[in-house]
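Look for subunit A in each of the two complexes below; its partner is subunit B in the first and subunit C in the second.
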Partner chain A sequence: MKNNSIIGIYKDEDVFLEAIDELLANNIRIYDVFSPFPLHGIWEKLKLKTRMPYATFIYGAIGTASVFAFLYWTSVVNYPLKFGGKPLNTLSFIIIMFVLTIFVGTLFTFLTYFTIEKMYPGKKVKLPEPRTTSDRFAILIEKKPEMDEKELEKITGLLEKTGAIEIKEQEVDY
Partner chain B sequence: MYNTNVRGILIQGNKTYSDVTRDILKPLDDKVPLWWWITVFLATGALLWGVWGVYYTIATGIGVWGLNNNVAWGWAIINFVWWIGIGHAGTAFSIFLLILRQKWRSTINRAAEAMTIFAVMAAGLFPLIHMGRIWDGFFIFPYWNTRGPLWDNFNSPLFWDVTAISTYFMASFVFWYVGMIPDFATIRDRTTSKIKKKVYGFFSFGWLGNARGWLRFETTALLLGGMAAPLVVSVHSIVSMDFSVSVVPGWHTTIFPPYFVIGAIFSGFGMVLTLMIIMRKIYKFQDYVTDNHLDAITRILTFISLIMGTAYLTELFTAWYSGSEYELFTFMKNRVTGDYTFAYWTMLTCNAIIPQLFWFKKVRKNITLVFIISLFINVGMWFERYVIVVTSLSKDFLPATWATYSPTITEISIYVGTLGLFILGVMLFFRFVPTIAIAEVKGILKETSTTKPSEDEK
Partner chain C sequence: MENKLKVSPGFIVLVIVLIVYGLVTVIIGFATGDTVRTWANLLLNNYYFMSIAIGAAFWLAIQYITQSGWSAQFLRIPMAMSDYLIVSFVLWIMMFFGLHHLYEWTHLDVVANDHILMHKQPYLNVPFFAVRYIVFFGLWIYLTQRLKKLSLLEDKHGGLIYFKKMEFNSKVFIFVFAITFSLFSIDWLMSLDPHWYSTIYAVKKFIMAFYHGATIITAIVIILYFMGYFPEMNKTHFLDFSRYIFALSIIWGYMWISQYLLIWYANIPEETIYYVPRVMTEYKPYFYAELIINWLFPFLFLMWNRIAKNPYALLFAVVVLMCGQWVELYMSIMPNTTSLHKITYIEFGTFIGFLGVFAGVVAWSLSRMNLIPKNHPYLIESVKHHG
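Entry: the complex of A and B
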């Protein structure tokens, strides 16, 4: 088996966050980090961003427009039927539009989430360290072929220095 | 950053991260206790009785209920509104507190959301059965048909209800499920049982717990929550419009939407309190659902109870101030006094007066008393819906058509059946799903307890 990555495992979130700072300061590229719960400082450090809120806004806007189009078409164009003395194109459409905007927004937001995360029922994954879903934090660094002994030693040394309780090399699918 | 310790310690017992995982998953790992089987047995019995009631109603017709020309909405609508109200707590709880960044939500939200799902399921059954011809149920959807095509009446609150409740169910379910994925992954990676690994692995959707995954997870949760928050308000407003859009005395008031929304949150929090006390007792979760949590809920209930009291008084005042003799008759002669005095005063006592005992710290700290008061709230809120639905319909503008209403055994059986459905759902939830959001508890562990969570011996 080819060991293509170095994994540093930590058990304290504060030590872990400092370790990430230290590694980044030394220009080491962190491929990914794993934690049992969301660590809010990490996203800025690793410069991660998500555009999901924009997507949700677009879904909502499309939802509002298409629901209104449907209501208008059915009530005014296709079968104009007056009742209760109300105009055909009534204000009470707002209620249905409001609720169905949320419907469309919610449905497509979570579908988008699963799509971009490539998650689906029954998907099999192999975590670099299975305990990261319980009580461990892990830093995954890709071991590139061009890295020489010296560089690898530097990475391992840094991981050790920053308080990793375990450092291992293993095969990870990228 | 604004930081206050008003809630006290939220997780007691100097837990480490692995302690949290182990403690919360203990009910799933342990042998199934006897009380669980007994409860499931009883709940299934109740559910089967309800299934009989539904079958009998559909096979024979709505005439087997105690309804008459005047009181055309009886227990079915009372129970529908009651269940929807209870269902409100989960979302209200987890979403409003999520948006307000209240840390104490973390141990309660999962159970509250589960409660929402089962309560909304129970609620949704009633209008469906009430249609009478359930096989024509698809008429509620606007579909291309051969009658014109004749579309639904989009001005009808009943149609709004269909959209609101189906949206609410979908949104609550999605929010609940997405929140559970990391915890299913925890079980997947921890368990030694092959079957569990397969099943929870299937439901964990290949969760990794990497930085980008958590970022998207948190964003999705916030987006879904942000969209569901106005939904909480709109769903019960729309339910109230089923009543207030009519011209029936006692229903035709503008206070209805806020009054119903607050009432729903009130009954829902009452039910959350009932369930949390039971849950922390049987699973010994006192370290997670602390006295501080219960204290926070009771404080909220005190406040909402005051709003309820104000709403009741406002209704009476408006009836008098409107100068409409029908309004005045409904409130003064048919609620405060008259045939339904018992229901009215039960409602008032249970909702507006008894919860005021929470002002006293001694009461708030006495869990048995808190539990009893939470039951009173559940009962009181049921009577509120009874008062609203039955009194207004029983005696309307034409005295010649006045009628009284009492439920038949069929209606009672359907109600008991939905209770069975709810309890069965909660029992399955207790057994197969982590009842407390593990990842979220770990997230607040360092800030809200005195412990050093990483100091484990292994």
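Entry: the complex of A and C
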């Protein structure tokens, strides 16, 4: 998505998190944030939502059921081979079911994630601020056409007040 | 700030009623001729609450060793629970009068005609058995009481020195606990069937103690939270408690399947004998119930984030898991002692009686110390805990 954004760049994690609180308290809509590592509490602050865990659960459940069906078919229906006098349909399926549940859940979650994010091997990174991959934190605020001079000044003023080391305006595309 | 538990008179009456109910049940059990069954139930409940108390002490030690911040305000609850060990030591003395009814190896005439039992006799004999019991309980009581004493001194004087001492003491405790609790489980539960042995048996019981110790800590914390004793507690604390239960349920399930599957695969008669009465007789429903209640239920129930943060849902999970631990111990003890699958007033009453003793001891202990360790170095981190 292409738009014009105001970007505030921060140096410290705690200052950055407090800045988000301050901006939200002043009713400024944050378009996105960038951080070199996952941050505690940012999920709740930005009120982000995801249905990914449900997808993982469904993949896992399908994995368990289909692996059980396969084991049942191979060792009970298609080729019932008795060994050691043990029953054909047993609890020993559990290990393979357990391992393949994890595998199916992980693999399909990963594929879903890539599909949603339109990622593929060899894709060029489009970062509004490349330094967010090493030691900088960035807040993106969308600059809408209907915003007047006063509002823009308020935004930059707040970014400066909350300790942004750099404020810039540029077209972002990602 | 004084912040001690105020025990209401109603609670004291309830505890006395529960204990009397238990006592009456035991007396009726002996009077009506169900001697072996009553002794087996006494063993079950003695072990049940002792393992909860020692599991809570292990939980406490883990918090100190990992220097956990989130749990700092709840540490007095496992301390109070480990006080039950002293009472358990006294209650356990009665088990020595029932040894003859439960343990085959105490019958000297049987041992004399049995090669395997003769071979095990240097370890499995009553005097050494009693010595081990005293040594193990002595070590546990000494180490847990030392932890509690240091924590109370920290309340009084403050400073980091007590925290460091407690961390060292916790390290000593987990090593002592690992060895002694394993041997204790072998002594009192595995030797019910003296011909059979398994090296993973003690590990499973150890995980059981840790698992159910953590669930009971959760229950007590939530009850006290509802009574208004932890004003600083928030959703993330509940989430951390349920993470403990969730993770331990998986480890427990892993131990269960390790125990069962290796014996199943190897298919050696002296090993499979353990599962013969458990899978092939009327105990079969309990065999599956044990796995479903203790592993599948918490695994699926606590997986949902919203449920894991809800104190009512957590309390429900704890109650179900208390039944789960009971079923597990029932399955360890009953097929080798009474061989009856009966759950009537004796099973119910003895449990109620011991529950009364446990609740009374924990409440009494909590009413004598600050509920929140006020000079704990991580207390602020615990209060501000998020995520």
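Keep in mind that, in the parts below, the second predicted complex is superposed on the first by the 170 of 174 C-alpha atoms of A that agree within 3 Å, B and C clash if a C-alpha of one lies under 4 Å from a C-alpha of the other, contacts with A are read in each partner's own complex, and residues count from 1 in each chain.
We adopt the following convention: a contact is a pair of C-beta atoms (placed from the backbone, for glycine too) under 8 Å apart; a residue touches a chain by one contact, two chains touch by 3 or more.
Since the model is a prediction, treat every value here as computed from it, not as a measurement.
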Margin query: Between subunit B and subunit C, whom does A:53 touch in the aligned arrangement: first, second, both, or neither?
Written below: both
Check: After lining up the shared chain so the two structures overlap, which partner does A:41 touch, if you call subunit B first and subunit C second: first, second, both or neither?
Finding: second
Next item on the list: Please name the chain, subunit B or subunit C, that touches the greater number of residues in subunit A.
Entry: B
Notebook entry, point to check: With the two structures laid over each other on chain A, which partner does A:94 touch: subunit B (first), subunit C (second), both, or neither?
Noted result: second
Notebook entry, point to check: Looking at the overlay, what does A:113 touch: subunit B (first), subunit C (second), both, or neither?
Noted result: first
Check: Once the two structures are fitted together, what part of subunit A is touched by subunit B and by subunit C alike?
Finding: 43, 53, 84, 86, 90, 92, 95
Next item on the list: Please name which positions on subunit A make contact with subunit B in the complex.
Entry: 11-15, 32-39, 42-43, 46, 48-50, 52-53, 56, 60, 70-71, 74-75, 78-79, 81, 83-84, 86, 90, 92-93, 95-96, 98-100, 102-103, 105-107, 109-110, 113-114, 116-125, 127, 130-135
Check: What part of subunit C is in contact with subunit A in the complex they form?
Finding: 257, 260-261, 264-265, 267, 303, 305, 386-387
Next item on the list: In the complex, go through subunit B and note every residue touching subunit A.
Entry: 16-18, 21, 142, 148-151, 153-155, 159-160, 163-164, 166-167, 170-171, 174, 178, 181-182, 185-186, 188-190, 201-203, 205-220, 223-224, 227-228, 230-231, 234, 238, 438-440, 442-443, 446, 453-454, 456
Check: How about subunit A: which of its residues touch subunit C in the complex?
Finding: 40-41, 43-44, 53, 57, 84-86, 90-92, 94-95
